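Each of the two complexes below includes chain A, the first together with chain B, the second together with chain C.
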Partner chain A sequence: MFTQSIITQFFNGFSVVAILIIAAVGLAIIFGVAGVINMAHGEFMMIGAYVAAVVDKLGGNTLLAIPVSFAVVGALGLLVERSIIRWIYHRPLETLLATWGVGIILQTIVKLIFGPELYYVGTPKFLAGGFRLIGRLPFPWYRLFLIIVAAALMALVFYVIFHTDLGLQVRAVRRNRAIASCLGIDTARVDMTIFVFGSGLAGVAGAVLAPIKSVSTTMGFPYAVDSYMVLVLGGVGNLWGVVAGASLIGEAETILSFVFNNVIGELLVFLFIVIVIRIVPKGIFGYYERR
Partner chain B sequence: MKRLKRRTFLKGLGAGISGILASRTMPYFFVRNIAQAAEGDTIKVGILHSLSGTIAIIETSLHNAELLAIEEINAKGGVLGKKLEPVIEDPQSMVQVFAEKAKKLLLADKVVAVLGCYTSASRQAVLPIFEQYNGVLLYPTLYEAQECSKNCFYTGAVPSQQLDNFIPWIINTLGRKKFYLIGANYIYPKETNREVKALLRKHGGQLVAEEYAPLGATEFSTSINKIASSGCDVVFSDLVGDQIVAFYKQYREYGITAKDIPICSPITTEQEIAAMGSENAVGHYTSFDYFQSVDAPENKSFVERYKARYGRNAVTNAVMQSAYFATYMLAHAIEKVKSTDPDALIFEGLPGQEVQAPEGKVKIDEKNHHTWLWGRIGRANEQGQFDIVWKSENWIQPQPWVPYLYPGKACDFTDPRVLKRLKRPWSEEKNRSGTINL
Partner chain C sequence: MKLRVSSIDTFYGTSHILHGVSLEVGEGEVFAVLGRNGAGKTTLLRSITGINPPRRGAIFLDETDITRLKPHERTRLGVSYVPQGREIIPDITVAENIFVALIGKGRKHDKVPDLVFEYFPALRPLLDKKGGVLSGGQQQQLAIARALVQEPQLLLMDEPTEGLQPSVVEEIDQIINRIPRERHCTVLLVEQNLDFVRYVANRFAILDTGRIVAKGNIKDLTEELAHRYLVG
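Moving on, here comes the complex of A and B:
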């Protein structure tokens, strides 16, 4: 009985890992490449979720909401980058404060438009229900869908970074900005593209998480915190770090919460992160510059 | 020189923008207040609910309900021939701001009373201020009780009013005995669950497990797996806010229906159901003094007026109903004592005050400052409303200290010992509680 439940928990853990990956991947490339500490990441996700709510109201479902959210939040990212971020690249403290402010502004704007109440987003009909895996509980189709979305997003990001010209430039800028610039790469344009791409991914995250979570103006912050934990643990600047960080946190949290309880589980995970960071300060897959 | 100019320009621009924003976003009542104040001869009432920040979702609805009541009272000629003038402050969901704004309302605006607060934390932050400056606070939220302050009147339910009938009903009528308790990790759920556990012992229920989720946590797959493998046959949830929506959604996602294991809650309202979609709530139970579906002419007209004022999609709920009738109680109390003196209101005006509320006739207890309310159990239906499956035969006495957990404790403001203590000035005696040992 107990073993069976633990195995169920292990599969549940995959869905939590997927949620963490989905939430963190947009942040990972913005933080990892452009070096911007984007405190508005949670609010970008929130806007993605509200876009999904609007799409839902107009009769569309999550599959339609994904590209729409990507476009809307990507456009928003472009606006923020062009108007604010581009003036303060490479001044981490300023970007932190500025994006924090952007987050508050976005929350207020959304509240003015949609009102303060929670919003409803339904699960698409063909993803309702679940299939029997092991134990008493069915595994929900929507959770499987989240795992697929997480894998697809990672695949997309890997493809863009390792198999496109843009990706080549991104990697060059990441390695050595000055030399890349000397070689004729327009680093400002690379930064902008990455910021827009990362913002769009945050929008997708909001859209796919909306059906199983609650949609409100303040929903974003906890996701931003989770995402930063994933990055800090996994290591900034390496995409495998996102996978590693999310897997460790997600599985540890689900298993520990099951064995002990939610509060202790969360506490142990934090403790674990502190210890790991003490041993490898740059995270598990941290990128160490040559000195 | 150029720098200076640019700065001046930016300053001017900033002022201009904030001016535009203020005129665009400030609710119209600010404007109207000025007009009213100009007429003079008004009675100022403080309204202290967060209109921004994390708790704004629910507090805005309380704020709305109170304003609606004030408008109605004024339309009928006001109080003592004067109009009530709402003085609105936004404490931004921050406890320390609640304290500052409460002080401002009492000392600078000299309001006769304040309608306000939602969370226990905010109430506890402002109470010392009300006690020190002898103000009157009407607090509309259901809360964990075990408190009574001279300066506070509690118009929401205490746990015993919601649970004393609910738990035996679950055990005897629903026939579910094995309870799984899940709540948010803070004072209200913990104290409520203490009473639930005492009632389980009393009525022959069985506690399978008790679990708390960190505030703000919205991932419940683990808890749901635990629930399914625990062998319980009913879940008692005092999760709050966003958590409610996420929990009910994921509960159905994992294929557990209300027929298998129903969720019973003392806090899930119509508002959360609207946010989660009625399909996720169908068949689950909530215990409250008031539901929007209460079949009474007073309620139908209240819901109608609320929707006419705040839009067709607006939903009413128990807490805002408490805030609504509290406003009427205050107005009637001022009429009764023909004065705005706080001690007159506290000792004569408000105790025993009765009004015909949307939920039925309610009354502030003569002794303990809490409110006699009705008991109702609702089952969520497909329309996102509650079908009322049980209603108390009479209103239920409020017990801030329930005898089965705190024998020998009670709250009584008519007790000579308490009165003697309260007569002394605050500077000499800071204890303003009405709690006595029997």
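Moving on, here comes the complex of A and C:
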């Protein structure tokens, strides 16, 4: 009985892992390539969720909300990058403060437009209900959908980085910025494009997470915190860092929460991260230095 | 393409490295920059590429003032750079290193241009290898190939045979000797080997602690000058 439940929790853990991947991937590529820790990442997700809420009100579903949120939050990322970030790329403290400020402004604006009330986004009809995996509790279709979305987003990012011209430029710039620019690469443009792409991915995260959470101006915060933990644990030297970080945190948290309880589970995971970081300060897949 | 460097001062942070450096390189010339370790040769090249733009003075390509341009804009105007230490991007393949150079120049890059194998047939079997696993000599070939596919009008080369074994040095030197005529480009070459400089260059300048202390026609590169500023 206990083992069976553990196995069920393991599968539940998959969907938690998926959610972590979805939430963290945009943050990861922006940090990994452009070197910016976007403190407004949670708010970017929040905007994506509001876009999904609007799409929902207008009769669309999550599948429609995904591209719309990508476009809207991508455009927002473009605006933020062109007006603020591009002036302060090489100053980590300033980018932290500036993006933090952007997050607060975004929360305020959204509250002004949508008011303080919570919005709810339904799951698409064809993803309603669930199926029996093992044991008695059904596994919701929407959770399976999130797992598929996570895999698809990772595949998309891998494709962009390893099979497109943009990706080749990204890999060159990451490794040797000065030489890449001497080879004719417009490094500022690469940074901008990646910031926009990563922002768009945060929008997608908000759109697909909206149906499992009430949409509010502060909804992004816990996801952002989780994303930072994923990056700290996984590192950003390599895209697998996101998968590794999300898998360890997601599975550990789910299973430990089941064996003990939520609070102890989260505490143990946090402790685990601290220990890992003591051993490998740059995360499991540490990043290389910018030059 | 003509290069004119007009009284530039270049800094690393607060340390003042180049002091009022001026030189002119005529169309199709091979111009050698000489000087002891730490004299500022690399800094001069990095000023011209825009990695370390000068704080004072100006740099012209033909009549265009490029002093305020970004490195990639200079590349698109015809400047290509073979950096000291080769600076191959280690975790992408040899072919991809060349593709980056082609993308940077806005060129087609569906395949590695034949030009590469014309000069460096040894690179052909290495195309799918990661840049980082190549030997020093192979990396140097790739660094030059990467510049040549950009069809530069001004080619900057920083100690292209540094740290290579003699037989490889000879090979590279032969290629460098062919480049100005066959590729129709102006060359600015930093080089320690005086015999090779005398053989390949038309004119020279000697840098000493960030200042130009001698320049002229290559036949004016006397043993006395060499003794005073280059050896010992």
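A few comments on the model shown:
We take it that the second predicted complex is superposed on the first by the 287 of 291 C-alpha atoms of A that agree within 3 Å, B and C clash if a C-alpha of one lies under 4 Å from a C-alpha of the other, contacts with A are read in each partner's own complex, and residues count from 1 in each chain.
Simple rule for what comes next: contacts are C-beta pairs under 8 Å (C-beta built on N, C-alpha and C of every residue); 3 or more make two chains touch, one makes a residue touch a chain.
Note that this is a predicted model, so its numbers are computed, not measured.
Chain A is touched at more residues by one of its partners, and among chain B and chain C that partner is B. Legend: residue contacts after superposition of the two complexes on their common chain; A:Pro222 is shown touching chain B, with no touch to chain C.
Applying the stated contact rule after C-alpha superposition, one finds that A:Phe258 touches chain B and leaves chain C untouched.
Contacts of A:Pro211 after superposition on the shared chain: chain B is touched, whereas chain C is not.
By the touch criterion stated above, A:Ile284 is placed in contact with neither chain B nor chain C.
In the superposed pair of complexes, A:Val160 makes contact with neither chain B nor chain C.
Of the two partner chains, neither chain B nor chain C is touched by A:Leu78.
Contact residues on chain B toward chain A in their complex (touch as defined above): 25, 52-54, 56-57, 60, 185, 211-214, 216-219, 221-226, 228-229, 242-246, 249-250, 253-256, 271-272, 274-277, 279.
Within the complex, the chain A residues that touch chain B are 1, 4-5, 8-9, 12, 15-16, 19, 108, 111-112, 116-120, 122-123, 129-130, 135-138, 140, 142-143, 211-216, 218-219, 222, 253-254, 257-258, 261-263, 265-266.
Listed in rising order, the residues of chain A touching chain C in the complex are 165, 168-169, 171-172, 175-176, 178-188.
Residues of chain C that touch chain A in their complex: 49-51, 70-72, 75-76, 81, 83, 87, 89-92, 96, 99-101, 103-106, 109, 146, 150.
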